[in-house]
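There are two complexes below, and they share chain A, which is joined by chain B in the first and by chain C in the second.
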Partner chain A sequence: MSEMSEKKEIVVSLQHVTKQFGSLTVLDDMSLDVYEHEVVVLCGPSGGGKSTLLRTINGLEKIGSGKILYRGTEVNHRNIKEIRKHIGMVFQQFNLFNNLTVRDNLLIAPVKTQKKKKDEMLKKAVEYLEIFGIADKLDSYPHQLSGGQKQRVAIVRSLMMEPDLMLFDEPTSALDPEMIKEVLDAIRRLSSMGMTMVIVTHEMGFAREVASRVCFLEGAKIRVNTDTKTFFEDTEDERLKQFLSVILHH
Partner chain B sequence: MSFNWNIVVKYWPRFWSGTLLTLKYAAIAIVIATVWGVLMGAVSYRKPRILGTIVRAYICFFRETPLLVQIYFLFYGVSRYVSVSAGVMGIVALVLNDGAFIAEIIRGGLQSIEIGQSEAAYALGFNKFQTMIYFLIPQAWKKVLDSVINMFSIIIKDTSMLMWITICELTYQCNQINNYSFNPITSYLVGGAIYLILFFAVQGARKLLSMKNNPKRAIEKRGESAA
Partner chain C sequence: MTFEDRYNIVVKTILVQGLPMTLKLIFASLFFAMLIGVVLGTVRSLKIPVVDQILGAYALICRGVPTIIILLFFYAYLTKGTQFWISVLSISLVEGAYMMEVVKGGFLSVDKGQWEAAKSLSLPLMHTITRIILPQVLLVTIPALMGQIVMLVKGTSVAATIGCMDTLRRAQLLLPKYSYPMEIYAYVLVIFFIMCHFLTWLGKKLERTVVKRIMGERNV
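So, the complex of A and B:
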């Protein structure tokens, strides 16, 4: 295994990415490689550019300069629609399609954009829903679900595309405390399945447990990018120490 | 001179044929104006590049000028160059006018949908057109259904303008009946009553539709069928 891990492939590579909103620089020359089966956690103070960084990866935000490679191919406006089908995204606000039942939320993308067979996809959807404990919600509409259930459906919706990489933008921040665990458990399960993930979260305990690497973003820069143990126990960065002491004793 | 039932009975065939023609024009205009309005609403919702700007100009022109001016313009002006019947021109006028109002309603509905719905669709590989068709228009439609159905009532009333271009709809027939009977009270009261009945018919249809759309009832129904 250890020889294998040395040869791990890079799934996504950000190279000197810069992004501005008007005169505000949000990403300032950021570089980041995400390797296969890695779980990379992004954290840092509000406004540090975490969401923006995540959204540039699947082209929801255009970048100013630099480049993004997906499996070695430079992402551009022509290939982005195809690449998106391999990258799952889970949002803070769930963003289930309100006009569709859970069943159709799960089926519509693989059937319409990947031309998969409907009955096969339905079987797969039911299997996933069972794994995540929401099989009884197949015919419900999003507004009939709790926040935790919505977010688990959103995760399954991404999984239906058989993603190569999954992005999470504060997946538990809009949830009541008692529902956070069920969503974190779902993500733990993905991590044990070997899913490559980039996760923005303030759940530091969770990060410590699942992350292979943690990045600290502040002031449009990736200030710290290191393995999880070093990040929490052995950092030299004063700002990160400050951040951790605030967030861990909160 | 007061209300006279004999006049109603004597001229009933005229009231009736006027009503049928009003219904016919209203029904055709409602169907086409709705499709047209949704299309224009969807185009004008997007960032106003060239096409969006043209559509917004169209919507503005047809909403902010009188319907009768538009009807005359099409009937006397445009039909010099394209030979179509008064009936077709009438429908075109109603569709362009009321379709512009429906387009604005649809655009408002589209704008009220959270951006997250589109982002989720893009993230799954849908293009802008698919996102519009599968997610945005169905959600907007449900939100603005009441306002669109209100437009249907307005379209029914707007058909009365077609009398000015030789179409013998209900208002035209009321005029005729008044000319023969010299009894405006009866002529226009009966005409008005018929428009009112059509209005209530539309409202009834709206109630039926909104019941079908009501999620609470949908849950109850599912509960029943599961039991």
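So, the complex of A and C:
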């Protein structure tokens, strides 16, 4: 946990963000600031808008009204491509490029988009793969990897862009129980490196351990947004108490 | 018929004169049909208004009319162009329409997560399509495309009807000279059978090797 100084810069600021799918409101006037080096966990029941909120941050979902600021700049359709280069995204279903080897999955964005030198990037890729214990998978295709390995490759793929912020959309929900730990360990490592992260997860034990702040989303609203200790031990919100009692003791 | 007659029919006429023309028809038509299929199939997958309706109409017409009628139509209508190129045009248009629909279907089978991952990495759209989506489309549609290619190979024989000197036409021209039509047609039949059977085998081989290596078992 990194709770150093009070005066930290805001990386992403969501201000009164609203979104509707037809007549269904999925994000109802949500506001959230994510500070540098912070790990913000979004949790809550299904359909609460967690994933949608996360996906608005890098423009995978358009917002109806409100605004999103990245490092003080309002995100719009003109600058979103540039801003995305600084935001890493890890998906529930990994979304590794199926037709490319691990090597090409890791190199395609930095080499093709950012025009960086291929051999330097390869060196970097290997370093990251070693850190995450999958250096021997460089020439494997995604289908040859386990779920946990795929997700770690997906994390490395994001890291190759040297992101300023990482978004995780239920990164362990599609994994077998014994693989969850290896992915959570990878995220813990990023946290210890001071990476700013927003994580949607149901792993409450993990949230308690790495989060600096936890938000409870329900009914398209952020019901609770508080520091981790208060969230788990000292909440006043009845609905959250009920949610925690079920999810922590199942 | 003597052995020499048969040698003249099979080797000198059908294999040396007819087959190269058939192969030229196959390769030229295949090139343009694939070009039409891949490019227009990609365009169709983007569902651009008006453009998509036009391409839909194209598919409807070319798949709903016998190739031979399209061929005769162009032969009557076009004053320029050799029989060869008019045949290539007709076959490419018809087979291209089928391939376009196969490729479009292939695009639908690619998980939208692939697009989202590319987007989140800021990959330009052209890169996303040419490096990630289209290769997967082609890999998963190999069986369907191979089936279509076999249809194309068989379909090139319509060129004989407008006098394109392919295998079939060469064989037909031999009929007045020899009185064994069944035997002569049988040679043509065997040649087409070998080509088509080879392609079917090649398709399966590709599926079991290349596709399996890259995409894994689930797509085979």
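General remarks:
Operating definition for what follows: the second predicted complex is superposed on the first by the 246 of 250 C-alpha atoms of A that agree within 3 Å, B and C clash if a C-alpha of one lies under 4 Å from a C-alpha of the other, contacts with A are read in each partner's own complex, and residues count from 1 in each chain.
Here is the rule we use: contacts are C-beta pairs under 8 Å (C-beta built on N, C-alpha and C of every residue); 3 or more make two chains touch, one makes a residue touch a chain.
Just so it is clear, the model here is predicted, and its values are computed rather than measured.
Steric overlap between chain B and chain C is present once the structures are superposed on chain A. Once the two complexes are laid over each other on the shared chain, residue contacts for A:245 go to neither chain B nor chain C. By the document's definition of touching, both partners, chain B and chain C, reach A:143.
In the superposition on chain A, A:81 makes contact with both chain B and chain C.
In the overlay built on the shared chain, the residue A:161 is in contact with chain B and with chain C. By the document's definition of touching, neither partner reaches A:65: not chain B, not chain C.
Contact with both chain B and chain C is seen for A:113 once the two complexes are overlaid on the shared chain. Looking at the shared chain after the overlay, A:99 reaches both chain B and chain C. Of the two partner chains placed by the overlay, neither chain B nor chain C lies in contact with A:73.
Overlap of the chain B and chain C interfaces on chain A comprises residues 58-60, 81-82, 84-85, 87-89, 91, 93-100, 108-109, 112-113, 141, 143-144, 154, 157-158, 161. By the touch criterion given at the top, residues 58-60, 81-82, 84-85, 87-89, 91, 93-100, 108-109, 112-113, 141-144, 154, 157-158, 161 of chain A touch chain C in their complex. Only residues 114, 116-117, 119-127, 130, 134-135, 138-139, 142, 215, 219, 222 of chain B touch chain A when the two sit together in their complex. By the touch criterion given at the top, residues 58-60, 81-82, 84-85, 87-89, 91, 93-100, 108-109, 112-114, 139, 141, 143-144, 154, 157-158, 161 of chain A touch chain B in their complex.
Taken in their complex, chain C has these residues touching chain A: 111, 113-114, 116-124, 127, 131-132, 135-136, 139, 213-218.
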